[in-house]
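Naming follows writing order (A, B, C, D, E and F), and every chain is counted from residue 1.
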């Protein structure tokens, strides 16, 4: 490996397929995609933009999944897997525990979608787009065991989406990406960073990146948890181009400064993956690849990227930290 | 049967396939869908949202079909079938007879689409979205034999779509659903009922249902002719969700009071069918299932649902009155 | 008089001022406009698009007035006058009597605005834009004495505005203009005619006029009650031009066939009046003159035109039937 | 006084005029409005939505004023007055001191507008709509003397406007209203409350009020600093109605729970003041009254309300706490 | 004079008023504005954005005026004046002579507005926004005597507005500003230059300026004929800011390179004049000052600026070349 | 052949497949479509709307291809083929030679797409949509050998697309179609003709066709180089219908007068081809067939039509001049 990976664990059983011969791009698809199909649960209309982790204390995997039911209500479900490819999802949605009764009132469940999960210090933190009186903002919660889930205060005022935590504190503070939005299918979107001493009160907001044309001309948003490397924070993010027939969601990469992550060191002007397969182009929302999680094997730099396909299924793609870092630097 | 069916005839030769094993929803597709393909006629670009009936005096079937020609002009064609699956459509569009010359002037043909057909008393009544000087409203006509078609006055002022008659008078008056619209791809839509002593003058308009979020968040409109049951009028209707890439048309069910059908007894918060097959997701308008007719066998409660697929083809799906009523009540 | 006036009564005390010298247009303003100011009632934010009549059995005047209260809720108030210039309005809104309890439910009060009043046969009929579950349509009611007001069924399905009755039946049927609309600040609008044998059920809808550019390029709508003349029905209507800074409401004239009033005989391509005075250009909605009523003295052809000013006040203007008919024919 | 005023100081020299005879509303205008005219400074295009306070240690007044220069760039200027009517504004804009160099970078000046000022504990806190890389959010700063101004971290992520502090901590935390927005002339807007232990990190966000039709049908936003009374927090806020010719800004009142101010006790369904005078209806933005500050004399309950007129001038209006509280309760 | 004026004639009888004392801006209004009122002609609704010149061979003045008639049809009228303040306009619109019958067909009159007039070599050239089959583009014509007017080919394809010729050829070619547009109230607009050897075929198009925020944030367009000075071409142009209540038209100045006029030497970031007077803020289009012509006295540098007011009247303002050049350079 | 073909060369090796039996339309697809797939080049995201020609001096083929790279930047590449089906494209984009340094500045490369190529007199002329400071207009260039490419002045001001040259001068002038546009996904579009004596300055602009409903209801644009025939200029053009889910691009035909090609002799009201195959319906932009070139064998009238598929691939279809002319005349 050319790039040193910091802060990730070894995942010897990370899902993996070799890159196809003569394949020109740094990210390649699993050949049995999608790995989770829309009707996998009895009540599911679709299972999509979802977050998985390698468990700290075992070689198994768990995750929080976005499940839209047959009324198109958006829910979060827990799921488990031995191989990170075949997943067993709960039929029921996660019931969040709100220990403070005052907060419980504000946290009356409305809807939740597009979760991210990250291990920090002693627990798995979960963020998602949380409906607060039907206004989207960033929900925050945690679990120690994927059995009981505890909800915290929403991080921000509405309207916000794509809240993504960094895997460790910087300068004593939790760091979160988010993308301030409007009330609908927001036609703009920059990535910002916010900071918190306690995961409850947030401030010191910093602008990170704006869309800059071509594949990411309309808006951008953070994707999986950033990966700490010797080159900086490796961030995979989605970008949206608006054609005359709607939004096209692709994803690309940027590398941010380790200590001041609102400073962009490299930013790839080519996408890593765009919707080209039928299960990415056809579904509830056409032309979407939307990454919400990666598994990263610290020993080899292998990456398994989990992404929503056409807002309908969950897909899997592969790459390595070396490959993406090199490609990002070469096309920056 | 748990639910008693009123006012439908027995149709022993109704098209039928058993529900697939382990199939989780109350409506299942015919496995050779679409039953009518877009280029079936020499001049057709598409054959879609169409209405069929079991003939009163025979075991055969007839229908009125929406045919868009290769200039994308919308037309109505008559068709016949012995089995309600294989259809023979006329190459020519229906020529409406306007016996009153004054009315004939207002009824100068412009376009017609999305027909419904229902037997009331002594004849087959037909309603459709009728272009009156290029403004959409509800056209009304009838036939005794599917050979000659007589046109009446439009029921309402523009702009209106999805006019659907009840299969009998209530309190001495014809009853019609409709969905007031605007001049374009209307971003709103409620279902109303109107009443008429004579099928010519209409009044006593009543609001029935508004869209209420999730799969039916943008607008709703009546579908096939309502089915009279011991639980109330069983109504299948379409609902529209607007994603960032356009409208998604699904369909669901509600049960209305027999005597005051503007009162909703039950309303299913899950759809019955959403666009998931390639012929429903890809076509002239992506992601559309649009039901315009059912056949209902009074003896068994079997239902054959005819629906437009992606504004391109005609599809067929199955269920039973028992199953839909139970599902609607359970999810209301 | 060159033009014979049919069906109007003599009003010797009609408000009147002579046309100013050197005044180039056929309609001139009262020099003490506005005659009713926005804060005339304790609760009023504005008093605007309103309808007055000369009482059948006296030389006094009465009217139904649009009063928006200080919450901007739209209400209808009755008012009386001896000279048709100085008006005494009730502080309370009209309470509509709904004698049929079933209809009463549908007629639950929501809002009402832009009334018109006309004497037909034996009573004063009132139409207005009536909120039915917050959707605008045409409310219908009547009074014999401006003391008790009786409400009927709404004439049409939503969404509709500017319902205006003809002052007598034609061919045994009541005739009403209306302008089908959408749910908001409708960007289109044609004038239609509908017919009814009984003021309850309506049909035989006919298109009358579309906007045709320049001062009436965006939409048009009927104004005061049409005046029957030897040249046809004289109709004053409003037209809307959309500038880069919003709608401009002017008014003009057309003459319709007596027996088939959906046939336009003459239509003036110049406006009669456009917003030019400060009280017409500045107010709750800038640049609006919106006529809802005329008084017409059959003996002289004098016309007093009542119009809303900037959606804020009531203004008065003068002309004669001869003058408007001649101008309309000359500029048709 | 019926209502007890808490936490305000006595201001014997508060500007004052008696209510005009026969005046029907609880808020009346100063008869020499506007008190600050658009071209008062050499560089000013307009002087508008501005905040004044009675100084803690003297009988004089100071304020922070929104001044748009002749390029229409939005700036903040300090100003002083002996009588709170005649104001002397600095020709130069406020230069904010950023003591932390890291924060200084994020606080690079872009634009600032619609300030509010409040004394808490030991200093005057100032909030305003602050351009952060051209995105509007809530700027925070303070001064001890209106000579030197110190800038802090922005309170929230973009896009936000109308940040208004409460005049004391509740439960140990600073409390701020704000109205999350989008990037433009936001067509929506609710009032939220956020809480902070240190004026740097913010959380525990609570929804307070949504627009609810009529005069406040499009959006609402907090206005002057809330006034603590025995009935609760008296809040004057602006509401926006969207006519076919644009936004109309009026202002009204609500009374919030003292300890849980996100709970609304009373909310007036009538406005207190709407744009009716020529200087409120005509200017850079037509039809705007926009209150940003009040002076409240604790001894008498007299209120002087400072509000922007047509986005062009500063106007002054009067009322009393008793009168507004009574009116709000009566019309709630 | 500090700035040398090239290519203008002496106009000793140029209209003139001294700058008011203590007036802070470089452009001041005539104190009897507007000089031409909306109803000056019998058929006129408004007389606005118009162009005047000092005649080559006399001390009199002539011009081409935009007259919108009472149908709001846009027309061009000729007018004459002895003092350039009191104007006598023809009651009839200009009849263009099309000598080539083929061109005459394309030049069928549709509408014309916002003219500019300039003397080049041997004749007065006129450009205007010309409706070609209802699509706006740049009409071109000339006159020798303001009696007969000859029409040429339209300069460009639709959609275009604000075509303004330079007063002499550069490098052997005619030079024209224009502002490519769309079909409506265009929400964008840059100034371009095009070049022609013969006033018939145009090419070598060059971008000159884009809007850049604040008073000119939405679009810009060329105004009067540029004035050749020792500092470069002095150009007065309009800029548009879009408030929540519509467009605000102000005007400012830029100085362009003499030989390569697509190169901007200075550009004033403050406007010269914005709509502040009642006749500029209220009218058919609120908040518009729109300059189409200047008179410039070469001997003194005095400038008389003719501008449309609120799309309703013609106004007059004064300045000097020295003053505008100095202000532009100081605020560039 | 019924129709005489003028001005085309014989192409004995034109790609060809016979029309399928029972195929009802005049244009049929190549059965191995698409002929150029999206990822054919290492850097390509898509290869689409492209232009090919039969070389003058050999039996080989060359072309200019639109290649969007993996950042979705739009580029032009040269390509060659022996059989016009299997194409070898350059990996690098065309480097345009700008011999005049002044012009070179204006021609700084930005983006280029949708090329057309035509042989006139002594060289191959190329037109394309050319980004001039990010504004789309018509780029012009030429090559003698497809090795060196020379750029000229842009033909028109922005905003324009679909510039298509006629294959010979008419009346001594080059003739070009174009479609004036706006800055985005233009919702309107007519076809115009412009004329030039020298390919540098353009004028004598003439309107040719507007969209007229149904399959071409939103906008139209020229497609391949017109073919000169005894019936007139045969023009294949695209038309756009806007469904609730976006634009649908089909193509049809018109026949124009030989000497005055802005006069339409026949225009087919049916499309020739609409998106129906999966590679036309699914891709970066759904539902697009977009023709940019034909090969025409003068000896037989065989036509090979090259068209972009879903903005993703290049497809090939066949017809004959006789067939399209007959169909166009029959359905005109």
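The rule is simple: a residue touches a chain if its C-beta (ideal position, glycine included) is under 8 Å from a C-beta of that chain, and two chains touch if they have at least 3 such contacts.
Everything numeric here is computed off the predicted structure, so don't read it as measured data.
Once the contact rule is applied, which chains count as partners of both chain D and chain F?
The common neighbours are A, E.
How short can a chain-to-chain path be from chain A to chain D, counted in steps between touching chains?
Minimal hop count between chain A and chain D: 1.
On a CA-centroid basis, which chain has its centre farthest from chain D's?
F
Using mean CA coordinates as chain centres, what's the chain B-chain F distance in Å?
42
Could you state the distance in Å from the CA-based centre of chain B to that of chain E?
59
What residues in chain E touch two or more of the other chains?
Chain E, residues with two or more chain partners: 245-246, 278, 282, 286-287.
Can you give me every chain pair that touches, using the contact definition above?
A-B, A-D, A-F, B-C, B-F, C-D, C-E, D-E, E-F
Name, in rising order, each residue of chain D that touches chain A in their complex.
Going by the criterion above, the answer is residues 103, 106, 132-133, 135, 137, 153-160, 178, 180, 182-183, 186, 188, 190, 192, 194-198, 200-207.
Can you name the residues of chain C that touch chain D in the complex?
Interface residues on the chain C side: 38-39, 42-43, 45, 69-73, 185, 245-247, 282-287, 311.
So in the complex, the part of chain A that touches chain F is made up of which residues?
24-25, 214-215, 217, 241-246, 248, 269-271, 274, 276, 278, 281-282, 286-287, 331
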